[in-house]
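Quick one: this structure, given as structure tokens, is what I'll be asking you about.
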Amino acid sequence: MQPVYRLTIACPDRVGIVAAVANYIAGMGATIVEANHHTDTVNGWFFMRHEILASSVPGGLETFRDGFAPIAQQFDMRWQITDSAKPKRIALFVSKESHCMADLLHRWHEGDLPGEIVCVISNHDLLREQADWYGVPFHHVPVTADNKPQAFAEAFRLVEHYQVDVVVLARYMQILPPEICSAYAGQVINIHHSFLPSFAGARPYHQAYERGVKLIGATCHYVTEVLDAGPIIEQDVIRVNHGHTIEDMRRLGRDVEKTVLARGLRYHLEDRVLIHGNKTVVFAN
Amino acid sequence: MQPVYRLTIACPDRVGIVAAVANYIAGMGATIVEANHHTDTVNGWFFMRHEILASSVPGGLETFRDGFAPIAQQFDMRWQITDSAKPKRIALFVSKESHCMADLLHRWHEGDLPGEIVCVISNHDLLREQADWYGVPFHHVPVTADNKPQAFAEAFRLVEHYQVDVVVLARYMQILPPEICSAYAGQVINIHHSFLPSFAGARPYHQAYERGVKLIGATCHYVTEVLDAGPIIEQDVIRVNHGHTIEDMRRLGRDVEKTVLARGLRYHLEDRVLIHGNKTVVFAN
Amino acid sequence: MQPVYRLTIACPDRVGIVAAVANYIAGMGATIVEANHHTDTVNGWFFMRHEILASSVPGGLETFRDGFAPIAQQFDMRWQITDSAKPKRIALFVSKESHCMADLLHRWHEGDLPGEIVCVISNHDLLREQADWYGVPFHHVPVTADNKPQAFAEAFRLVEHYQVDVVVLARYMQILPPEICSAYAGQVINIHHSFLPSFAGARPYHQAYERGVKLIGATCHYVTEVLDAGPIIEQDVIRVNHGHTIEDMRRLGRDVEKTVLARGLRYHLEDRVLIHGNKTVVFAN
Amino acid sequence: MQPVYRLTIACPDRVGIVAAVANYIAGMGATIVEANHHTDTVNGWFFMRHEILASSVPGGLETFRDGFAPIAQQFDMRWQITDSAKPKRIALFVSKESHCMADLLHRWHEGDLPGEIVCVISNHDLLREQADWYGVPFHHVPVTADNKPQAFAEAFRLVEHYQVDVVVLARYMQILPPEICSAYAGQVINIHHSFLPSFAGARPYHQAYERGVKLIGATCHYVTEVLDAGPIIEQDVIRVNHGHTIEDMRRLGRDVEKTVLARGLRYHLEDRVLIHGNKTVVFAN
């Protein structure tokens, strides 16, 4: 895979945006590898993502940025361009259940995750050895009823220390304080073990069992101040029936959880997700 | 398809139930075509369904019933036995949208629905011609803010008149009064156009659009006094993305609605659904 | 839904295509409602589809075409632009099974199909009444071992007579002669009742049953000279198990067949499908 | 989870089987936790599986077996009863790709796999460290064009040495010799990276890409002398489109492969799979 630049744009919709961007890219003789557009005709908003072959951009990222800034200003764009050669740095927050962590570590180890897992932070000391095997630093930051402010301060001091780009709550089971949610808006991804908005909050498989649903699911979403209510990136479901106990649901659900998290995280790492209000535009592949 | 008897049983779980039932059936030399068991180990309850070749039961249904009654009493069974040669009689309640009605009428016309559609009742006079083509009586029973008690009384007078076994709310868009819900408990099936318990109530596709979910669904359930909260028979979902408008969701959702309703209704018509509390045991095939 | 023009383009990939197209569109002040791009980096080919608000194009379709021709020539484009206000004309070819025909007729009747069903042609006289109800002319063109050339000639004489844009083999169960397949390349759509390339040819559900697969499916594809081997537009599957007979598979399969056909046909009608070699680019929504 | 006995039965169908078995179980006062029946009415064959609470069987497994033998003889049963407290012993055969091995090892480590992984055998020495971390012996048995008979002899000598009950080809990429396939019939499980019978043999994702299918899949099946043609245990699919390269398909496919293998293997480990001819009865949960 040759390195690419990923240009993402969101702005009010009007005539001429695509032409301006395409002219700029074509003007420097650069090669577009993938292009996606979305016009939200309800809200009059426009979204765009390009993958551009890095080697085809004369002068590289800085030159591109400098030249593009006036266009961005002209169209009131919220925009960024990133380099696939500089993968995002990931912190995994975990608790006792290991399936999501193990799955992500394995993908990363196999070169299958377009990001760098730089640390694991846990409120329990149970999963240290698995992280060790992958050579990823593991930090035990206990969280109790009494020490929450200090614990989360310490955890996010580590996040800063490791220059983390994205925090992944890989079945962390703790609710982050609102001020952290806002400070890191769009940078914290959670996997919730239900098909949201059904069964938000605690013990979703118990809730699903009690309600007698015929499908259970998982939801990968950005964390906001409101519990389990942030912008959804990805969801999936699996069929269950009357014969499945809560324990069976937990077992079946783990497979959905880890797959949905890995898929949603990949989209984020490749800058395929554009947040708009409380929703996402996901240029999936 | 040779006619079968369908024996369904629910009772407290204990040793010897299966043996007693199997001995009784084997004792008369009858042939079991399909058998399903479910033990709810959490609540200590047992569920069972048999399809027995009708021609293999000496003396037929009444003889079977008489001989079985003592066994049923011994084990405190809630039970019934029905004859596939006497299909259940169905009333379709519809409003303006025709996709569920048309789908069920077509299945029935093709011999693909194990029941008899005996009438269509609608609060609008829009779908009469489609029902006419199938030779099914269509009754226009308008419902207004002022006439609800009389309208529902009239609708269910027709239900009685046609000796209906099961009422299907095929996108009826009206909320039945609680006293009818209880009087016809387990006999009224609704299709709700969301993956319940998400987006109960009005305009579920609008709710789904606003929340930004990545899958939309439909739920077939028994109607109870609590809106969209009755025992779930069947559910399914379809993938959507940021490019789908509410109108797109409605279009995609219609396919899920009609399929889920047809599947759930079939289970009911073949006595595959056993209601227990607010949940169902569905011996699907 | 306001009328749109649908511009589709396929050409060798090189720098400047998007810019040239976007400039042309922006230059006339036209509004893009939906845009899709695909670069086939393996074969160096580029595909593009735009929906442009018809009312925003000064001078309309002909003016657009005249101005665009030089650009198309410059980039060696295979291209077309169509008007959603002039829906494609559809002929349904059917045999004895009605589920696909009934489903498409109903969608069309409800305004849910972006095309016009202008005639039904059948080798049996069984489904005439259903077509009649919808006011669609039904032609019985019997096909026997002896009259095949004449029969297909007559059928396609009718296709010409009705100025048909797309022929839909809605479970037609006849193999079109090769010369017709080539004459109407890209204009004949078939629904095959298996997940191709598995179980091509006759009696796919029997084949699936014998092989003991755990999922059955359906495939919507363009017809070519090679049986069941043309470019695939859409596929889907449904789960089966050991308890399902061939008859059960046929029943479950019918739901997949009609849904997959309706979906694939919609893509074609909205010019969302670009054929390239024996594959398709489908800009689905 | 309390230990259970798993009784599986296959025999010609006739009146009285269920009664005989149920009487025997009830006669000893034993508790049935789960029961499944299947009558193959086409072939006149009957299949049955019971989970019986071990602690409720007086005298344990041997007593059960002795008492049951006459019944089995009377009805010409192929049968077995196993003890969940004695989990099956598993050998993983792997090559270069680690995703299936890693997934199974992790499930096993978490207590999530109802079996014991007792060794890993590989034709390459690449995955040793991952196996080491889990404390599972890793054997490198190279396979070359010249040494095949000796290599497979050595591999299956190890299988015997470790008293293996089931061999899992977890992306082993080698074709076992026919004599081993027959000697270990029903004891070797393969994961094939396509939706069989499509794309049997080598490079299925390349085949899928060339054919332009819209879904890719994976198949878990028993190995027989005929390549990729043995009884299918489990299958699943995932959607792809024109934008997916072969490499993307391999990435997406890995998730399906590991999930389908884990599911199919679980069914085997819990004696939920009954092979009959070239098909399976799978009493899934």
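Note that the chains are named A, B, C and D in the order they appear, and that numbering of residues resets to 1 at the start of each chain.
The rule is simple: a contact is a pair of C-beta atoms (placed from the backbone, for glycine too) under 8 Å apart; a residue touches a chain by one contact, two chains touch by 3 or more.
Keep in mind that what you see is a predicted model, and the values were worked out from it rather than measured.
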Note, CA centroid farthest from subunit D's centroid sits on chain C
Check: interface with higher C-beta contact count, A-B vs B-D, is A-B
Here the gap between subunit B and subunit D, centre to centre from mean Cα coordinates and rounded to Å, is 37
Rounded to the nearest Å, the gap separating the Cα centres of subunit A and subunit B is 41
Each of the following residues of subunit C touches two or more other chains, namely 34, 41, 243
Contact graph of the chains (line, ring, star, complete, other): complete
Note: in the complex, subunit D contacts subunit C through residues 38, 40-42, 47, 195-199, 211-215, 217, 231-237, 241-243, 245, 278-282, 284
Per the touch rule, the subunit C residues reaching subunit A in their complex are 15-16, 18-23, 25-27, 29-37, 39, 41, 239
Per the touch rule above, subunit B residues touching subunit C in the complex are 34, 98-99, 102-103, 106, 110, 112, 133, 243-244, 248, 251, 254-255, 259, 262, 285
